[in-house]
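Shared chain: chain A. Partners: chain B in the first complex, chain C in the second.
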Partner chain A sequence: MELANTLSQDGESRGGVLAHLERLETQVSRSRKKMEEPQSAQAEESALGTRIHELRRLRDKLRAEVKQHQASVKASTTNVEPDQTLEITEQESLKRKWENVKAILQAYRFTGISGKLTSRGVCVCISTAFEGNLLDSYFVDLVMRKPLQIHHHSIPVFIPLEEISAKYLQTNIQHFLFTLCEYLNAYSGRKYQADRLQSDFEAFLAGPLQRNSLCNLLSFTYKAEPEGQSFPFCARLLYKDLTTTLPTDVTVTYQGTDALSTTQEEQRAAHENLFFTKPLHQVFTSFARKGDKLDMSLVS
Partner chain B sequence: MRREPAGDVVRAKQMDETVSEFFRRTILKIPLTEMMTILKTWNFLSENQLQTVNFRQRKESLVQDLVLLCEENRASLNDAALLDIIYTQFHRHQKVWDVFQMSKGPGEDTDLFDMEQFKSSFKKILKRALKNVTVSFRDAEENAVWIRIAWGTQYRKPNQYKPAYVVYYSQTPYAFTSSSQLKSNLPLLGQALTIASKHHQIVKMDLRSRYLDSLKAIVFKQYNQIFETHNSTTPLQERSLGLDINMDSRIIHENKTEKERVQRVTQEIFGDYPQPRLEFAQYKLETKFKSDLNGGILAEREEPLRCLVKFSSPHLLEALKSLAPAGIADAPLSPLLTCIPNKGMNYFKIRDK
Partner chain C sequence: MDSQLVEARALEAEITALRRACVEPPAPGEDTSRVRKSFRETYQADSEGWELSKDLRSHLGHLESEIQFLSTLTGISIRHYSKKTEDLTSTEMTEKSIKKVLQRHRLSGNCHMITFQLEFQLLEIQNEESLSSVITDLSIIMEPTEYSELSEFVSRAEERRDLFMFFRSLHFFVEWCEYRKRTFKRFKGLSLTTPLPPTPSTNLAHYMTVIHSWTLAALPSQNPHYEKYPEAVHLSEGASSSCMGIRNPSRPGFELVIVWRIQIDEEGKVLPKLDLLTKVPLQALELDKNGVIETAPLSFRTLLGVLGIEATLESLIKSLHTERVMVFRQSRPARTGNRRLPSPPP
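After this line comes the complex of A and B, so read on.
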C-alpha cells in the first residue's frame, strides 16, 4: 500500500515507480555491502593475522637455528665441551706416533742400507762409514720391472757397478746390494785415510801425496819425525782388493845413495809392517806419539 | 813452484824468440778481467813480481811487461804450455769436445792407476812416434789430468798454436778430446791413451759438444742426482707442476686434464733436474719414403732417401723438454729425441730395419 502511496504522491517523489525501485535496489545493495564489508575485512584480517603468525614462527625458527650454529662454533673453538676433548687427544697421539715412525725411517740410514718406496720401485741409500765416522751416502734408484733396472744412481763411475749388476742384480738383489755396499764402504774408508794423511799429517810428508780415483794406489815420501834427523822413506801402498781398507802390497824404500844402517833397516821393515796392519792415518798418529822410537807393541 | 822435469825445457840465457812470441800471444788472449786470476792460478810469477806491474795500462804494454818478467824467470816452453792449459780450462767452451770410450779385456786385474806412470808412458809413446811433439800435463780435481799436445812432424817443429787437449779422469773408460784440426794424429793419440791407461781398445762415441762438464755428466751418468729419501724436507707431491691453473678463479682451463697429463709425462721422461747442455742433435736418415697416401712418385721409390735433420739450440735438452708443455709437440716425444742423455749420443744414423 506504501507503494501506492508513493505512487499517489507523485509530485513529491522523483521519477516514477521504476525510479523508486531503482532507489530501493541501490539501498539494498548498499546495506548488503555494509554487511559484507566487516565480513571481508574480517576475512582479510584473519588471513593477514594467520600470515603474521606464520612469519613470526618462521622468524623464530631461523633465529633459533642461527643461535645453535653460533653456539656450536663457539664450543668447538674454545674446546669447552667435554665430549670433544677425547677426540683431540686421539689426534695428538696419532700425530706423535706418525712423527716417531718418520724419525725411525730417517734413522735407518745409520744401519748402512736403507730405502724408500718410489712410484716406480725403490730408492736404496747406501751410507758408508769408517771407524765410527759417518761418510758419504750413495743412492741407487731401482725400477721394479722384469728385468730389474737401475733408473739412475750416484755411484762414482770408477766403482764397477756394471760388473756387479751383471752378476747379481737379476738373480740375487740382496747380494747385489751387499757387494755394492762392500765396495763403497772400502772406497770411502781408503779415501778417508788418504784425506786424513793429506790434511792432518802434512808436516810428515816431504812431497804431495800421489793418489788415484779409487784411492787404491798411494805413493808418498815421508819422515817419521818431521823436525828430526830421521831419513825420508818412500812408501808405495797398493790395494789390489777393492773390498778392503788395508793395503795388499806395501813397499818402503830409502831413496838415498848410502846403504842403510841396521837400525835404519829395522825401522824400514817395521814401517812396512805397520802400513800392512794399521790404517794409514793411525800409523802416522803413532809416529807423532812415539817420535823416532817405535813402540813395537803397537805392531800386533 | 814446480816444474816438469827434463823433456823439452829450453835453457838459454835469452829466451828463445819462438817461446817469447808464444808467451806474448798466449798472454794477449787472456781478457783483462781475468788476467790476475789466471796469473795467480799459473803461480809462475811471484806475488812481488806481479805487484811491480801496472795492470791498468794498455794491454799491449801490459803484455810486454809480463813477457819481460817471464824472461827474467827463465820461463820455458813448458811453462808457457802450462799457461795455455790454464787459459783453456777457463775457456773450455771455446773448444768443441769429442768423447772416446776405452775398454779392457775380460777378467782384467784391478786397475792400479799410477798417474806418474801414465804421464811418462803417454809422453814416451808420442815421442817415439813423432820426434817433434810437445806434451804437457796439468793435474785437475777429481783425480783427472789435462793433457796438451802440440803436434809437429819429422822435420817441422811443433805448432804451438793448434794444440790438441785431452781430459782424462783416472780409472774411468772415458777421455774427452778437443777436436783438433790435425785429424791425422788422432789414431796415434788414441793409441797413446789406451796403452798408457792400460786399456785394450778405444772407440769414438757419437757425442760432441762445447760443454765439457755436460759431456762428463752424460757419460758418467751424473745428470740426475735427485733421489727420494725419508730425510727430504719437501715431499715430492707438494712440488708445483708449473701450472698456473689456480691463478685466477675467473679463468677456466678447458683442457686441464690434458695439460696435467702432458706435465706428468714430461716430468717422467725429463725429470726435475737441470738437463745437461748440448747445442745440437743430428740425425742422418737413410730410409724409404713412408706415406699414408696411395701413389705418389716418392712412394714408389725403391731406394732409400738420404737426408740430414739437425736440431740446434743454445740448450737443446731444455728446449726439447719445453716442447710438449708449450703445445708445440705431442707428449710423449719421440724416443729418438728423449734417448739422447741416456744413450750418450747426439749423432744418429737411422736406417730401415
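After this line comes the complex of A and C, so read on.
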C-alpha cells in the first residue's frame, strides 16, 4: 500500500539497485492502476492474485539485491555481524512455511474430503468426480460434541443420509464420510453420464431421456446409426446398488413392428452388454464413430 | 480471499524492509547494533512489521492444527504438495472471455501404512457461464508394499483419472486390512493396542480425541467375547499377511488355512474374499466317505454369508481345537443369520 511513497522519498541515485527498483516500481503502479478500475468481486479477487504475483516478483528481486549487497559489504568488512540477514531469514522461513502449510491445506480438496473448522466443529466438503471430470461438491456441517450432530448439509434428499449417519456417524466418522463420498460420487457419475447422453447425442434419442431423481433408473428410445430414420431400440437401465456408476440391470427391447432379424437380435444383445460394461456416453460415442458397425472391441 | 490479503500484506511489509536494507546498507565499520536498531525501527515504524510476524506465526499455528485435524478426520496425511500453473489462454480466447489454465500438481503423503506420491494435471476452462475442471493426466507412485493387491487397482485409477476413487478405495482397503489384522491377532491372543497419535497443542485436542476414539471403535463390530487360541492359530507370515493357519498339535498333518484377500473391483469397491484351504493326510481323505473335506471350502463360504467373518473363523478354530469332527454339511442354512459384513462374492 505504501509502495509508491517509499521509493520516491529516497530520491538519491544508487546505481543499478535504484534504477532497477524504479523499473519495478513503475510495473507495480501500472498494475495497480489497472486494479483500481471498478470491478466485480470476482475481478477483485483475480486482481489480488495478480498483485500478489507482482509483489512476489518484486520481493524476489529485492532479496537477490540485498543478498548481493550484503555479500559486497561483507567482503569489505569481515567483522560486520549479519544481524539483518538473520531477521530477514527468520521472517522468510516463517513465510515459506506458512505458504507451504496453506498449500497443503488446500490440497486436501483433491482427496475428495476437505474441511474448514467452524466455531462449533467442522464443515466438511465432499467433492465428486467422474473419470477425471470434477463435478459438484456437497457440504456437511458437523457439531463436534458427543453425540455428533449434523447441523446443516447440502446432501440431496434422495441420498440416504439418515441411514448412513445412523449406521456410522457415532461409531466411525471416517467410514461415515467415505461412505457418503461413495454415494455422492456414484450419483454424480450417473447424472453426468445421463447429462452427456442428453446433450451430446440428442440426435440418437427419440425424445428426452427419462430418469428419476437419483438417476438410478434411466430409460430412453434410441438408434445406433447416426443416419437411421427410426428409433428401433428402447433401453431401461437400473442401478440397484446406489454406490455404482454402471447399471446392475439392463434391458434393451426392439421397438420395430416387423419381426426381429438375426442381425438385429445380435445388435440388441451386444448393446445390452455394452451398457453393462461402459459408461453411457461412451457407448454412444462408439455408435457415432462406427455408424451401424458396432465396435466389437468395446464389448469386453 | 482473506488469506490472499494476509499474503499481500506480508509481502508488502517484506518489500518495505528489503528496500530499507537496500538503500541504507551498513557503512563499512559501522556499529552493528545501530544497524540492528535501525532495522527494527524501520520495521516498526512504517508497517505493522512485528505485529505481522506475530500474526503470521499464530496464523501458521492455526493452519497447522487444521491440517492435523483434517488428517485425523480423513485418515490421509499430505506431507508435500506443490503446484505449477500455466496459462494457456490464447488472444482469441481472451476476446471471447475464455480462460484456459493448466495446473500441474504434485502431492505425497500416506494413508496409515501406505505411502503414495501423485502427479496430476488439471485443466480448467472458464467461460462466461461455466467452469470445467478436468484431470487430464494422473500418475500414482506407491512404494512397493506387502499389499500386492494394490498395483492393479492403481493402474485402473490412473487409467480412469479418478483421483477421488483412488483415495476412497485406499481408505476402505486400509480399513479392511486393519480389520483383518485385528481379527487374526485377536484369535492368536496378541495385544491389540494401537498407539495414540501425538496430541496437538491446541484446543483441537478435544476434537481429535473424540474422533480418534470413534475411528478406533470403527471397524465392523468386534465381539469381545471371542476366546484366544494361541496354540491353534498360526500366523507364519505375521498378522498383516492374508493367511491364518489353524492346527491341532495332537493331530499332526491336519491344517486349515484361511486365505483372506481384500479385493478392489473395477469401480473401486473394496470387498473381502475368504477361502478355505485344507491340508489333510491321505488316509484321512480316504476315510472321508461323505466328502466333508472336499466340500469344506464351499461350506465355508455358505457359513460366512450367514455368520459373518469372525464367527465363522471361530467356529472353524473350535472345530479343530476341541477335537470334534468337523461338522460341515452341504445343506443350505436358513438365510436368517446375522449378516454384519458384506458376504464375499460367491
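Going forward, the second predicted complex is superposed on the first by the 199 of 300 C-alpha atoms of A that agree within 3 Å, B and C clash if a C-alpha of one lies under 4 Å from a C-alpha of the other, contacts with A are read in each partner's own complex, and residues count from 1 in each chain.
In the analysis below, contacts are C-beta pairs under 8 Å (C-beta built on N, C-alpha and C of every residue); 3 or more make two chains touch, one makes a residue touch a chain.
All of these numbers come straight from a predicted model, not from anything done at the bench.
Once the two structures are overlaid, the count of chain A residues touched is higher for C than for its counterpart among chain B and chain C. Contact with chain C, but none with chain B, is seen for A:L55 once the two complexes are overlaid on the shared chain.
In the superposition on chain A, contact of A:K290 is made with neither chain B nor chain C. Of the two partner chains placed by the overlay, only chain C lies in contact with A:V66; chain B stays clear of it. Once the two complexes are laid over each other on the shared chain, residue contacts for A:K102 go to chain B and to chain C alike.
In the superposed pair of complexes, A:G112 makes contact with chain C only, with no contact to chain B. Once chain A of one complex is fitted onto chain A of the other, the partner contacts of A:N212 are limited to chain B, with no touch recorded for chain C. On chain A, the surface patch touched by chain B in one complex and by chain C in the other comprises residues 102, 105-106, 108, 114, 116.
Contact residues on chain B toward chain A in their complex (touch as defined above): 109-116, 142-143, 169-172, 174, 219-222, 224-225, 227-231.
Residues 102, 105-106, 108-109, 114, 116, 118, 123, 125, 139, 141, 152-154, 157-158, 210-214, 216-217, 219, 238, 240-242 of chain A touch chain B in their complex. Of all residues in chain A, only 1-3, 6-7, 10, 14, 17-18, 21, 45, 48-49, 51-52, 55-56, 58-59, 62-63, 65-66, 69-70, 73, 76-77, 80-81, 83-84, 87-88, 91-92, 94-95, 97-108, 110-117, 121-122, 124, 127-134, 144-146, 148, 170-175, 177-178, 181-182, 185, 243-246 touch chain C in the complex they form. Residues 1, 3-5, 7-8, 10-12, 14-19, 21-23, 25-26, 28-30, 32, 35-36, 39, 43, 46-47, 53, 56-57, 59-60, 63-64, 66-67, 69-70, 73-76, 78-83, 105, 107, 118, 120, 122, 132-136, 138, 160-165, 167-168, 171-172, 175, 204, 206-207, 210-211, 214-215, 217-219, 266-267, 269 of chain C are the ones that touch chain A when the two sit in their complex.
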